[in-house]
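These are the structures in question, set out in turn.
Next, two complexes with chain A in common: one pairs it with chain B, the other with chain C.
Up next, the complex of A and B:
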């Protein structure tokens, strides 16, 4: 385990070297939140609550959602595809490392960079500028655990798309498609409550909601109660196990088609 | 017992036949037109602990593919491959612990981090204890003076410095076998010499088996007792390097540019050299490019300086180059039966 932690640490150190990028990422995020604030303000102009959410809850959902979105944006699938296409993956395969864990811990390093560099400063700004109220509740205590599981689910999707590069060589289209599907179906952009009933039912059976909907509900809807939260956490954990196992099996197939030319 | 045992090993790739042009690229989307590439085609050899073996051949011969099978990255299509008594691909993670690899064309160090951080990460990956780590770093500092580079970002290193660091890193966990895949590519003479001496010293100190692929016959001459020549996926020669150097070590190619070169010049040159040096002079002439005429000379029987001064007295020569025999020429000679 220490060897993998060393990888995460290395990734983190490499990431914070390029510190100017953070400023722009924070700036971009704050602009986005400003736009979202006024958009949702106008949506709520004529009503107190919509689909069971008050304005404060909806905006907290959106703002926190964008913070999580940045947190999980590690470009892992892009980087994997690059490593596979350029043959750099050989460097990892000659080391006594499990490839899935190698990518996972590199990803963890990248998430921690996002956390210190972008997410935390953005959240501080959020509460300082928009003064969004957060209701204390048991959900807030479970939120960190739910966020970790969300990270693992998100990683599995990135890893799966990254592995596709073994077959496709170029992954641009797949990565974009994944991005769009996750953003739309996970509740990253709009709370799932705003989707039509029937679609909501389907989406709750899919793994995408485990990335955004589940952790965000714990903060924005504290009245759902401990039992509901624990059940949601259980579903998340189940998805983590299933997706980890599936991507592992997929790796064993994909590695067989590896082709690397000279050098 | 041999450390590496390879028997009748093959690796075939299926490659899509790509068509030309934009229309071709679009049609390729739906194409099932594959051809089989036999990158490695039924090779066999054994390597003992402590050997330094030169594994050479022209581009696309199958060298890297063989190395990738020995390191467990690629699975063979057929045949037996064992490192330390086990197939490397079956238990890649455990086998990787006893191997070190340097791919000359890319670094295994962390590009954005200072040099020392890469070593610290590798220390954790290979579970090297602190005492061994300190010893190793101390030894490498003595050999190549690494300490001054510790705080530099890897991407700011020169190619030579980077290669020395890469080689040092590949020996960190004291592996039984180290694969050096073109470790001297693109380096100048002095750094090449340094790398050769470091590799030799490590091999002697630790009895590490070293498999070296290179395009530089100088590397092979300086380091290896045994040489394996491969081309088109098949082994052409496996044996004592002395046999090879005895054949080619003395060969040099003299390139001359002769003014007012015409069809008759070449014939003229032939006739004059034949007349001056006798029939059995070991000098062959060929016009390779438009202006350069290649004269290949076996220095063992005819000194190059004699040929050069003779040609210069007979012809208006305005440029001269001397090159050592290339890997491609060696392979061509082997095909022609020089080692049979």
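Up next, the complex of A and C:
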């Protein structure tokens, strides 16, 4: 465990170097929140509530969603593809470490960097500038746990796409497709409630909603009741177990095609 | 100085070679085109989902937004296809490989940008055309020769606006080395350009009109075709803004290029 934590720490230290980048990322996020504010203001021009959400709830959902988006954007799949393509992965394979956990803890370091450098400042601005009201509810207490599970689900997708680099060099297209499918169908850009009924049902059965919809609901509708939240948490946990197992199996297959010509 | 014709001829020779080389990786082309396809349509999907709950967005119907979106896709594709190499400039500047562009008797910006021709960007061009035709038919827009000429003109200046914004963001590499954060910000701003600008108020509308004029990438020029009766005088500014902004960007590029002194290796 200690060696894995060292990996996370190393990644964190490496990330702090790029402080200049944080500034622009925060600026980008603040502009995004401003745009979202005006967009949703005009969506709610004629109605108090839409699909069971008030303007304040919808805006909180979108703004918090953008903060979570930044948090989870670790470029892990890009980095893995680079390591595999260049053969640098051998450096990791010779170490007595589990590769999945190695990537996971590196990823954790990157998430912590995003959290201190971008997400927290953005959230502070969110509440200071837009004065978004948050209602109290038991969901707020469960949110941190849900966020951790969301991180693990998101990691599995990154890890899976990263592993695809064993088979193909075209990681740009794969990573972009993955990112778009997740943002479109997880409720990252628009609450799932706004989707047509039939589509909503399908989306709730897919793992993507575990990344954004579930944790964000706990903050926007924190009074849905402990039982509902525990069930949502259970579904998330189930996805984590399933996806971890599947990507592990995939790794065992993928590693067999690896051929590195010396160097 | 070489003539424009000679540059065009050169460009075709360079790109023909580039495309031949890229075509070795057919699956990559296919997979990236799929990625591009989905990426291009995600904002439109959001609009579509929203219109299940609302009938108009700040007075604009869904089909009008599709038209604006199609205009946006067409306006950004020259930047995507012809100027994609700007994303690599930070690597060239940091590693010193940028020096090679000083050694040919060619315009440096031309030479630098010609080294990449983003084939997957063609997906955007095709998709934009299809959507533009579709929305025009649905909205019953009358396309006269004059209007078509206006469309080409407005698209050209809109393309210059987005090229200028992104290239200028990339040029910051000459001063700060890693220009990725600035580029990523410009990229993000670009994504707001198909939104109806009349939803914004105050500082945001001012910024999107005059500061980082993304309003001129799609919204203002497409009003000329959607609602010619109520066009704002801003629309007629768009060629001036396009050409002016590009000239400014070229100036910044030249300043950066003259300032760069390599890495010493």
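Quick note on the criterion: the second predicted complex is superposed on the first by the 262 of 263 C-alpha atoms of A that agree within 3 Å, B and C clash if a C-alpha of one lies under 4 Å from a C-alpha of the other, contacts with A are read in each partner's own complex, and residues count from 1 in each chain.
We adopt the following convention: a residue touches a chain if its C-beta (ideal position, glycine included) is under 8 Å from a C-beta of that chain, and two chains touch if they have at least 3 such contacts.
This structure is a prediction, so every number in the text was calculated from the model and none was measured.
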Touched partner set for A:31, first chain B, second chain C, both or neither: second
Of chain C and chain B, partner touching more chain A residues: C
First, second, both or neither for A:205, with chain B first and chain C second: neither
Which superposed partner A:95 touches (first chain B, second chain C, both, neither): first
First (chain B), second (chain C), both or neither touched by A:136: neither
Chain B versus chain C as contact partner of A:21, first or second or both or neither: second
Partner chain(s) touched by A:3 [first = chain B, second = chain C, both, neither]: first
Where chain A meets both chain C and chain B, residue numbers: 18
Complex interface listing, chain B residues touching chain A: 13, 59-60, 64, 68, 71-75, 92-94, 96-97, 99, 101, 103-108, 110-113, 117-118, 120-121, 123-127, 153, 181-182
Complex interface listing, chain A residues touching chain C: 18, 20-21, 23-25, 27-28, 31-32, 34-35, 38-39, 41-43, 45-46, 50-51, 168-170, 172-177, 180-181, 183-184, 189-190, 194-196
In the complex, chain C residues that touch chain A: 25, 27-28, 30-36, 38-39, 42, 45-46, 49-50, 52-54, 57-58, 120, 176, 178, 180-182, 184-185, 188-189, 192, 195-196, 199-201, 204
Chain B-facing residues of chain A, complex: 2-3, 5-7, 9-10, 13-14, 17-18, 87-88, 90-91, 93-98, 256, 258-263
